[in-house]
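Both of the next two complexes hold chain A, though its partner changes from chain B to chain C.
Entry: the complex of A and B
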């Protein structure tokens, strides 16, 4: 009988982080079956083989190094500075995942110290981070936090020895080739330029007055739903664009306009064509789209 | 001599119809009167345009596209916003002098007989080429910091209402001087009203 193959070994290292991606990952409905197939050499919360101290001393080989949180060279983990620890672990890992926006692009923590904080490969959208030379083996899973199923998808692909196709920012195309706008239930409203009048309702698009970033944000939030049921736009909140290197933006609930015209066009749409189409769409009044979908008082 | 193509025939019908409509108004102009002016039978005219309404809609599309093209050329030129305003005012008044029927049609047929254009020309659909170019003009003016950010229609109404009003006064022979003599001061007024403070 052939011996059981060795389990897929994962090291989960945290940089400067709020633990959001760890918590997100704990919500993966398939976590149980995934944990049957992988072994955590080190994880800050899940049972693992080594303590942080041992990790830092031993620098083990791994099949996958997951980095959560932003990078700053002198930031310490287990008594070791990131500047040394990260490249050492990375060199002994077969694959690397930058999990969440902070590890991918610098994220929210970068705001505190833009000069010294970055992602592990990218500093915003420039590949000047500490692992830039290894970018070929790094997969970026931008998101604040990253959806747990995005990570389990990537691990699943690795377990099955399948290649993950990446976009120009190192994000899996399978997950990031679409925009959040794609699959949004409010597309009908977007098309006919009917805006939502308030947050949290089912009716209307959140683009014009609430600043929804869905048309410019790569992500599968409206296809792989959160907790299997919702997404920001489904729940009635505009997308903040958290999967992009431009995150965090300021003034999140407003679409910047010039003379009532949105300053940014949906991805790939020329301004002239967009305006002509939008003007035509606005000329129609479609009763169905102007009414409540479900009338509480009927 | 080659016979004119159907498209060419259509254009010549539209040119004549435009003259009639802008002079007589929408209701006074009839399909027989248009046919007569072209020297064509009424039956044949209907081969080109199924109804007077269809013809009227094609005309407004034609005019809006023409004005849109003119403004697009100005938009794409290297002028700054102030100079673009001068250029748009000049272009509009020039057309009002050289091809008065187009502006007349816009003001006296399209804007004054909205019921005719309700179906098929809803809202801004038939004038979209023109409105889109003005949107781009305003948007770029605000983006570059030259114009004050405000609602599009407030700015649009100020600009086009002013020009339309002057052309109308001129058509009614109320203006004491030639239209072009007002160009510079009108452009300046528009710029002053719209500029960023």
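Entry: the complex of A and C
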């Protein structure tokens, strides 16, 4: 009898992090069936074969190295500096995932020290990180945090030996070809240029005034819902563009405008065409969109 | 003998330098946190509302508490500068529901991923990953996400309210999830109904519970740790939420706590050695967190066993578990009484007109969290945080130890001391913000 095939071995390494991707991953509703197929050689919270000390000494081979958190060369994990630890683990890994915006592009922690902190392949959108030479085997899952289903999708593809199609920033097209605007429940309002006017309502589009970056942010937050039930825009919160290398921008709850037109256009839309379209759409007054959807709360 | 022990499977990692005698008994324990990230500096110079996006990223397990602390600090800055900022009862209740859900998932993960596993390891027993607990914790997060849009890292609270506009659909979903969580805590955590649990008055009855909570207490007893881990017996609650008000307890004396008596001491912060500052109240170490909250709110079972056993490891564990029941009760009441006709958000004056200082204090899973900021005409000039584990894990000296340090001194071995350390629900991520 042939022995059971070896489980897919994963090392989960943390750089400069808040642990948000770790806790996001724990929300995966099908974590149990995933864990049947994989084995964590090291994970910071889940049971794993090695301690951190053992990991940094043994530098095991793995099928997948998941890196959570931003990179800084002299940052230490388990007494080892990232400058040595990360390339060593990466060289012995078949695949690598940069999980979340910190590992992908530098993220929020990069703001503290922009010269020395970066993602593992990308520094913002420049491929100058420590693993730039290995970029072919690195998949970026931008997002602050990354959605658990984004990670389990990628692991599933690897388990099934399928190739993941990537965009120009190394993100799976399956997840990032969409914009956050896709599937947003406020799209009616966007089409007819009806602004939400205020926070705390489910009516109106958040792109015109409230800073929503959904129309030009790659991500499937409104396709694969958060915690199975929601998304930022569904809860009335603007999208902050957290999957992009530009995250975090500044002045996040206000739309920058030029002559009262949003200065950043929906993805792929030329400003001139947008102006023509917006002018026409605004001339409609659709009563349905100017009223509360459900006005009897009692 | 001095040994440096790396403490893993907490939020982040910590090093403890143990000094032990010949028999291996712990005489002193110096706690070091290694990873400083500079969040306060990142916030300075930014638009004040950006704090609602940046500050939650301090911590992946209690980011929501940071969000609420940040928004309350901004609201306080409004009031301080003479401007009005109003909040509907509905918005307050929703903020509490999501905050309590975060506490709940934290306590579930602590019990199942950390404490049951670590106690089994010390007893050399197998402890398979309890996926049922992860499922329950993710339900608590789903409950929060119904209102906050996502967990972790939502930014749905703004000065003047919340961004969401729930209708009956969210309320019915919330009640279903809540019933599922109540069932889990009764069947798995406690092993009895809430009604039966409420009649318990003695420590012995708690350890006899058939659920996983009882199992943890039994493990702690088998390890000979039940009546160890005593600290200073000083407790502090600075945040206020339903059923809990600001208070300091020192032995038998209780007094209203005043945040003006809080100070930070950076003497233990040495570049490359530790990045955690000590947080002190009236110049002394005070314990914050579930045990402090239980004593302040007068929850009967914890009060009674604290009276009998003091601030021991098992009483500290019991307080965190008992808080789950209390949180569920409060979440149910808040959801059932939510008045959907109230506004979610009442726009305050533009923040660009505001100059002032403000403080937001929140009872986070591990204790009192304080954000203080100063705004000048719509810009953050200064931002300071004191995080929960700073209180409990402050580094004193062998003569005047911090809260967790004192609890570890006298432990029979380093392993047992490390376990006692974990009873405080350690977070190095937020401690070294």
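Observations on the structure shown:
Definition applied: the second predicted complex is superposed on the first by the 295 of 298 C-alpha atoms of A that agree within 3 Å, B and C clash if a C-alpha of one lies under 4 Å from a C-alpha of the other, contacts with A are read in each partner's own complex, and residues count from 1 in each chain.
As a convention for this text, a residue touches a chain if its C-beta (ideal position, glycine included) is under 8 Å from a C-beta of that chain, and two chains touch if they have at least 3 such contacts.
Since this is a predicted model, take the numbers as computed values, not measurements.
Of the two partner chains placed around the shared chain by superposition, chain C is the only one that A:44 touches, whereas chain B remains out of contact. Set against each other, chain B and chain C differ in how many residues of chain A they touch, and the higher count belongs to C.
Legend: residue contacts after superposition of the two complexes on their common chain; A:177 is shown touching neither chain B nor chain C. When both complexes are overlaid on chain A, the residue A:289 reaches neither chain B nor chain C.
Once chain A of one complex is fitted onto chain A of the other, the partner contacts of A:159 are absent, as it touches neither chain B nor chain C.
Legend: residue contacts after superposition of the two complexes on their common chain; A:108 is shown touching chain C, with no touch to chain B. In the superposition on chain A, A:202 makes contact with chain C only, not with chain B.
Judged by the touch definition given at the top, the superposed model places A:229 against chain C, while chain B stays out of reach. Note for the complex: chain A touches chain C at residues 14, 16-24, 26-29, 31-32, 35, 44-47, 51-53, 75-79, 108-109, 111-113, 144-145, 198-202, 221, 226-237, 240, 248, 250-254, 294, 297-298.
Per the touch definition, chain C reaches chain A in the complex via residues 6, 8-9, 11-13, 34-35, 37-39, 41-42, 46-47, 49-50, 52-54, 57-61, 63, 91, 109, 113, 117, 127, 129, 131, 134-135, 137-138, 141-142, 144-156, 158, 160-165, 167, 173, 340-341, 343-345, 347, 429. Against chain A, in their complex, chain B makes its touches with residues 122-125, 128-129, 131-132, 135-136, 138-143, 147, 149-153, 155. Of all residues in chain A, those touching chain B in their complex are 257-261, 263, 271-272, 275-276, 279-280, 282-284.
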